[in-house]
Amino acid sequence: MPRLRRLQAVDAIEEIIGRCVEMGAPAWYLMDNVSMTTPSVLAPTVAAFQILAYTARIAARLGVKFFVPVTQGLAYSIANDIVEEAYKAEGKPEDFDPFGTVMYLPSGADRMYIINNMWSQRVAGVFFLGSWYHKAVIFTENAARVGALTLGGTDTTHNIPFLVAICDYSIIGEELYALGAYVSEDPTQTASLAGQDIGKYIALILILLGSILATVGFDISGIFAW
Amino acid sequence: MSERLYKIQLPVYLTALLGILMILEHFFPMPGVVTGFNTTMRSFVTVVSAAALMLGIIFLTIAHVRTISGQKGGWYYSILYIASLLITIAFGLMGVRNETFLWIYNNMTSPIGAALYSLTAFYITSAAYRVFRARNWNAAVLLFCGFIVLAMLIPVGAIILPPVVPIGEWLRSFPSSAGFRGMIMGTSLGVMGLGVRVFAGRQKEHLGVREERMGGE
Amino acid sequence: MSIIDKLVNLDQRIIYVLMFIALAFPILSPVVLPMDIQSYSQQAFDFSDSIPEGSIVIFEGGLGAATYPQGGPGMVVQIYHMLTKGVKCVFFSIGTEQNVWTMTAIETALAKLPAGTPAENGVDWVHLGYVGGGEAGTGALWNDIRATLEADYFDTPIDDIPLLEGINDASAFAAVLWWGGSEGSMPYGIRQISVPFGIPITGMATTNEVPNFSPYISAGQLQGIFGGVRGSAEYEFLMNLPGPALGQAMATNFGGLLWMIMVLLGNVLYFIQRSRGEA
């Protein structure tokens, strides 16, 4: 298994759940846009599911009240299965509320529900992982004002700055995919992370090569005209 | 047929097969039978999404009915939800272009959606006031760049401070673009890695399953 | 608690009220401040204006309820611009909600057209409706229209539409106008239509998405972009068609200025606290 540097987010997940235990307050896991039928959103959603499985198990193990609002029907059924399995794996199926732990909230209606209930329940820890759009600012700022410890991560480049600025811990872009593979402790998954790094090295070499060739006046576009 | 076969193995094989067909169509000209099959599968996606929407609505309605029957906090809003749902469904079943249905959509649903979208402006100001501080050199650079680009973006900014336009456009076109390009490349590689793991059946969370790693599997 | 501490821990509701006043005032009591045209918007306008009369363009309508206030006025102006130039438009959408809003924009633009402007459905414009499958669906549609769709938004069979006679892929089109809103879908148009068929593309995205597309503009793959409500307002200004976007742009002025004042105030208070050893 390739050696990977420890992602700070792994410690952050445990710290956030631990804080919820200390304060006796719930932990929330928000994924925003979870359209399983839109390719650009599907990948981060699947990555968020992988981290959800890990987070739900820790929450179940430590007896923290866990809440996962989901805005799409397909994703709701998958998230429900993941969280229910996590509770069963920890031997606490009775702690899983089939209509309360994972909740379907239509997109649009979710905003006011989440904002109001963050205050009323005084959440102590919130995870913002997945494909985040404009709601990132609304929910992260609200969570910060409530006093929750937050972990945020998305691959939508224009919303990364908001999550990085407002959340206590953040994962940027590709780390969202890496985190899920990292916590799985599966050799194939961690090996694929090493493969991605090789891809990045190749991209780096090509960028340097292309920059040098373009600078000396070599017409690169001719190479690809086929 | 074992539970593992139909819950895990068959879906994994199906995911891999359909995913590979979609990818091949994306990059190479394919025979009509493959294109036709893929088009049919994409139309299935629309049908499945609609069915999943129904599933979500059913679960949400059950949750609200429980709130009403248990007289939990805010149960009267649940009555409002159920009434709104039934009225909208009734007019929607009369026809998607029914006048009353469209009136509900254009005069209630859409303005509410737009109003909720506008919450961003308030929260971003509140966040900026609280967070956007020059605590160290990195934060100071971020603050300066953010200020310049915002001044460039607001219509009157260029009139009040003309230098923000060339500086802001340089920031947007070069350092910002370079950063975004790197991030896009990294994210794209991450997505490819995820795709390979899903097709290889090593990642099954999209099926609602999380299997413990069993040595060597 | 000193006044500095009270200001540092300002109740966010006060900030919300101030922002509401800043945004509502210029809309309720119109104030017109001078406006500079951004280079991306000028580039997008110049490109749109250069499309020859008699051409046909692909028009993706990606605005939903949340983004229509930002991009809708600009999209209406773009449709008006094309039809008054004699450029024919073929619309489609990759979202179900966006599909309906595209029709709203078309109807609004048709109502604004000068009398006598050719604008017959099926002849001067066509709305193909919703195409599922996101990027894959876009590619499938513009490589083989008839294999992907049987009828348009109004259930008129594709073969009965005069504008699409003899046209079955994107090769017959002169430009792509991609009003993607917050879909982040403009790269679909670049990858599936613009690059394979060599057709230039421009469009619109929400303000926060514009930096995502600067690499494409720098690389010449995107001919400028109208960014958010300001882009729509600039298009209205350039076309001399004042509309809702200009009013909203004025509100953006005041909102942006308030934002800058709040950030400056926050930093001043922070440095005061730091000088006192409290931060």
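So that you can tell them apart, the chains are marked A, B and C in the order they are listed, and the count of residues begins at 1 in each.
Just so we're on the same page, a residue touches a chain if its C-beta (ideal position, glycine included) is under 8 Å from a C-beta of that chain, and two chains touch if they have at least 3 such contacts.
Just so we're clear, the structure is a prediction, and the values are computed from it rather than from any experiment.
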Per-chain Cα centre nearest the global Cα centre, belonging to chain: B
Contact pairs, highest-scoring chain pair: A-B
Between chain A and chain B, centroid-to-centroid distance (C-alpha), Å: 12
Cα-centroid distance, chain A relative to chain C, in whole angstrom: 29
Chain B and chain C: spacing of chain centres that average the CA atoms, whole Å: 19
Chain C, residues touching no fewer than two other chains: 12, 66, 132, 135-136, 211-212
Multi-partner residues of chain B (at least 2 other chains): 45-46, 109, 113, 116-117, 124, 126, 130, 132, 180, 184
Where chain A touches two or more other chains at once, by residue number: 37, 134, 145, 157
Chain C contact footprint on chain A (complex, rising order): 37-40, 133-134, 145, 156-159
Chain C to chain A touching residues, read off their complex: 12, 66, 132, 134-136, 182, 184-185, 208-209, 211-212
Partner chain C, residues of chain B touching it in the complex: 22, 25-26, 32, 35-36, 38-39, 42-43, 45-46, 105, 109-110, 113-114, 116-117, 121-122, 124-126, 128-130, 132-135, 143, 147, 150-159, 165, 169, 172-173, 176-177, 180-181, 184
Interfacial residue positions of chain A with respect to chain B in the complex: 36-37, 43, 46-47, 49-50, 52-53, 72-74, 76-82, 85-86, 89, 99-100, 103-106, 108, 111-112, 134-135, 137-138, 140-142, 144-145, 155, 157, 160, 162, 165-166, 172-174, 176-178, 180-181, 184-186, 188-189, 192-193, 195-196, 199-200, 203
Residue ranges of chain C in contact with chain B within the complex: 10, 12, 15-16, 19-20, 23, 33-36, 38-39, 64-69, 100, 132-133, 135-137, 139-140, 144, 147-148, 207, 210-212, 214-215, 217-218, 227, 230, 233, 249-250, 252-253, 255-260, 262-263, 265-267, 270-271
